[in-house]
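Common to both upcoming complexes is chain A, partnered first by chain B, then by chain C.
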Partner chain A sequence: MKNNKVMEVKNLKKYFPQNEGLFSWDQRFIKAVDEVSCYVNQGEILGVVGESGCGKTTLGRTVLLLTPPTSGTIYFQGEKLDPNNKKQLKNLRIKTSLIFQDPYLALHPIMTTRNLVAEPVRYHSIIADREERERRVEELVINVGLTPGHLEKYSHELSGGEKQRVAIARALSTDPIFVVADEPVAALDASIQAGILNLIKEMKEELGFSCLLISHDLSIVRYLCTRVLVMYAGKIVELAEKELLFESPTHPYTKALLSSIPTPTPKQSGERLILQGSPPSLLNPPSGCRLNPRCPLSEDLCKTEEPELTETDTDHLVACHFPDRPWPE
Partner chain B sequence: MGKNKAAVVGGSVLVILIIAAILAPIIAPYSPREMSYGNELLPPGSEGYLLGTTSLAQDVLSYVVYGLRISLYVGFGTLLLEVALALTVGGLSGYFGGVIDELLMRFTEIVMTIPPIILLITGVSMFGTRSLEIIILFMALVNWPWMARVVRAEIMSRKQEPFIEEGRSMGFSELYLLVRYIFPTVLSPVIVLGTLDVAWFILYEATLSFLGLGDPTSTSLGILVSMGRDVLTSGWWVSFIPAFLIFLLVISLNLLGDGLRDALDVRENV
Partner chain C sequence: MKKKYIIRKLLTAIPTFLIATIILFSLLHIAPSGPVEIMVRSSGKTMDPGMIEELRSQYGLDKPLHQQYFRWLSNFFTGDLGYSYVTNQRLNSILPEKILLTLELVLVANVFSVAFAVVLGVIAAVRKNSFLDNFLSSFALFTYSMPLFWVGLLALYVFSLKLGLTPVGGVTSLGKDFTGFAAIADNLYHLILPASVLSLAYLAYYFRLIRSSMLDVLNKEYVVAARAKGVKELAVIFKHALRNALLPLITLFAVSLGFVLAGSVVIETIFGWPGLGRFLVTAAFNRDYTALLSLNAIIVIMVLFANLVADIACAYVDPRIKY
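Take a look at the complex of A and B:
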């Protein structure tokens, strides 16, 4: 069972220290990721959804040790990661990749497509032979839907969609087994988003990597993911199989989130469940359940005691004191 | 628009002067220090001596084309050394920040407080034998702090950009990221600043030579200006022609530098 988990985190915390004034004694922290435990199985796409600022990007970066966790453990292929172990870190960098939100900013501005895609392979001496490497680069560029004509173009000569395809080719050039895709289409035109999403899906099926897909767009998650993790204010509120989550959401936040999905037939869509207020500051989150000031089901217990993430159903974890209560009229 | 034209003119003049310096052995009718007795202080246009002769009967034309070589050698040689120092100090300081930044920047500021011309004159006089290389060394030692500060500021803003983190996620080492990812993007301000600095270096060297602190064995333009000082009334061309060439070099470098600043879109405060 354990061998199937490509990536697993336990009680992961990432706090960013916040410097107050010069004479302030108490150091305050932005609790971007607080006590998060989850795992990604071999070959699956785990979706992470939540509002902006809920800590999903920080989770993706911390899992890849691009920023050291404040506490908690990370397992990659069953092996516990040590941020100070250089050799292990190198292996992690080769076998994992991060696809960025904005391909306009994430690609080296003065490199050609050919160099961008070849660079990681060359740097890590994955393919030593020059000709073989060139072949691999050309193959990859064609696989991500570009033409050999794109090879000699600089990134500023490419369109947004083409850039993201180059970024994906580059991310996949080292044959990673785990990929974090951080809002991979959020910066792109709606008309080309579907093409990029299909590409990720195809490449995943062809190469068999596992993926953590971060998105605020529920329809993307529904389209691509196997399981879905819902985050609110740095915490997991619900984690379930995709079908289960979309058919029977349990946490009030998930319910409200799902009811916000726009549908092609607005008249037939269900009732819109609205949470009053806005997400709390991560500097000073509310006590008890973090949703309690906004939640229509909130009671005194929610204000004092933090709900544990518990299994309500098979593979369905929810952090709520009253998971069975219906939404009030 | 006007600036662009000026830059093209400056660039063209500079290229012509560089070609003249490269072709010096072909252009010069005589060896630069050769004296032909009896032909002292001939005015420009004299037969065989297009730009006249000095009071020592040396051909001015031959002297100045070789003098151009000295000026360009000193100007660009100092630039190379200055850029190397500035990229190292500014690069380490801006990229790693923290204690390294504090130490290097305080050191930089100390160097900046020393009056350049005094350090230059003292430094050059310290050595018994004067060579162009010693002048180059001291000019670079005096001038790198300004460029280092520009490099540092540029790198501090560049290192925040997502493509650096993207490179880090690919597992590239910090040094690799600094050299391959950040340096190429800070080259524009370095080129602009460097072009303007070359003009200063050429002026400095000519000044030192004029004051008798240059390399006495070289055919520096500054030495020729100084030689003509004694015969200014009877042979104005001896001083004027090398001075005019220095002027041409400096103004063409300045026009080019200003034009490049616009073309490469470097912020005005550089």
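Take a look at the complex of A and C:
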């Protein structure tokens, strides 16, 4: 079974030092990712949802070792990653890719589409022959729905959707087997979001990469993902198969989150479950369960003891002391 | 399209030039006493008012101001820079050499300072908050806050007087007739100290600019994107980041040319470097109207030209700039 996991993290932590105090004993940390363990299977799309600022981007970037983890281990294709192992890192860079939230910021302003897409291929000498490389670049650009006419354009000459297509072509140029897509459509107009999402879906089916899809939009996750991970304040609160999660959400946070999705038929839509207050500061999160100050089910236990992520059902993990209690009237 | 852009830029330079020279001209005439009065006073003799009037009419100073200005302007554009009252020489025969000497000093100093500033600025930005960065940044602040004339005098005292490593001043060794390569070497030997002092002043300025602009660029998403695709750190720094970080420097280089020439006034005076700067100071003290006007007009043209070149260079380097 283990060989099926393309990417796995165990007890991953990423703390950002906050330079507030002048002296080192004043040092405080933003606990952006705290004790996260999860994995992505071969060929699946794992969705990561949660409010803005809960650590989704940090998780995605730490998994790819773009920023060194504070602690924890990362396995790529079953092999433990060592941040100091250059050869391993090079392999990781070729076999993984990151698609950014804002393609406007992620494309170098003074490189043409052709150079942007060709760079990783040329850089890693994946295709040594020049002409063949050119052909490959053109093929990639056409595959993501652009035309050879876009090849000589700079990013400021492209629309938002076209920019993201270029970014996707660049990300896929090295034939990655694992892709982190960090809110790939959040910065785009609603009218072109579906096109980009379908492109990611098609490319995934065609090329067979696995994907960590980060989004704060549950309908996107529902559309694309196989399994879903719900994050709250740097921690996983629930992790389950998509159907399971959407049909029987167990954690109070997931319940509240799901009840906020507008449904097509008014009959289906249940009552809107509302959590009071706002997410905690990651500098000093509440003790016990991080949701406890906002949770209607909260009891003394929740304030003192942190709930473990435990299996309540097959392939359904929840971090809650009282997963079976219904939402109070 | 590019040609049009250049022509448009050139056309906008014309009013700038006219306004600058009119302001200069007016300022010169607002300043108390004129060249004749100063000549008379410094000669120590008394001169009767008739003589003064005669001298004034000989120099054309009795004509209405706008006539004087247009006469100067038409002469200037036909290549006649006019006559220096003070040195009694035609400016056409004395200015070219002075301009070359100043350009030599300023260009050498700039090349050195930019080269060092790029290397040090990149290192400081990449190793942000390290000991080296803190050291370089403090050093830059230190040299930046020291008055140029003081650094100049200090350098002269230490390197020329105490250590005897460099000449005390001038452009060439007096009384020696070097030719060919030896003459160039002799000139460089005289250049090294003033150019170093001047470049130290610019170095701090450029260093701070490059450091902050590099820091800005290194935090950009496209730099993270390059790293994410495994581009090596050195290539990320030089190919992806530095190329963008240098853009503001091109513009700054042109805009600060005036400032750079002002710095050379101080250095030329201290090191006896007979360039534009020193001549400018002498001319100002003696109200040498024509010399001041023509010289400043040349400086205005140099600054405008540098700006034009910078605009064109930026447009070539940065595709985001529309023609």
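Observations, loosely collected:
Convention: the second predicted complex is superposed on the first by the 322 of 329 C-alpha atoms of A that agree within 3 Å, B and C clash if a C-alpha of one lies under 4 Å from a C-alpha of the other, contacts with A are read in each partner's own complex, and residues count from 1 in each chain.
Criterion: a residue touches a chain if its C-beta (ideal position, glycine included) is under 8 Å from a C-beta of that chain, and two chains touch if they have at least 3 such contacts.
This one's a predicted model, so the numbers in the text were calculated from it and none came from an experiment.
When both complexes are overlaid on chain A, chain B and chain C end up clashing with each other. In the superposition on chain A, contact of A:Y154 is made with chain C only, not with chain B. By the touch criterion stated above, A:L107 is placed in contact with chain B and with chain C alike. Applying the stated contact rule after C-alpha superposition, one finds that A:K90 touches each of chain B and chain C.
Looking at the shared chain after the overlay, A:P120 reaches both chain B and chain C. Comparing 39-47, 57-65 or 237-245 from chain B against chain C in the aligned model shows that the clashing stretch is 237-245.
For the contact definition in use here, the residues of chain A common to its chain B contact set and its chain C contact set are 64, 66, 89-90, 92-94, 96-98, 100, 102, 105-110, 119-120, 123-124, 167, 170, 174.
Across the interface of their complex, chain B is touched by residues 64, 66, 89-90, 92-94, 96-98, 100, 102, 105-110, 119-120, 123-124, 167, 170, 174 of chain A. Residues of chain B that touch chain A in their complex: 161-163, 165-172, 176, 181, 184-185. Listing the residues of chain A that touch chain C in their complex gives 61, 64, 66, 89-90, 92-94, 96-98, 100, 102, 105-110, 119-120, 123-124, 154, 156, 167, 170-171, 174. Across the interface of their complex, chain A is touched by residues 220-222, 224-231, 235, 240, 243-244, 317-320 of chain C.
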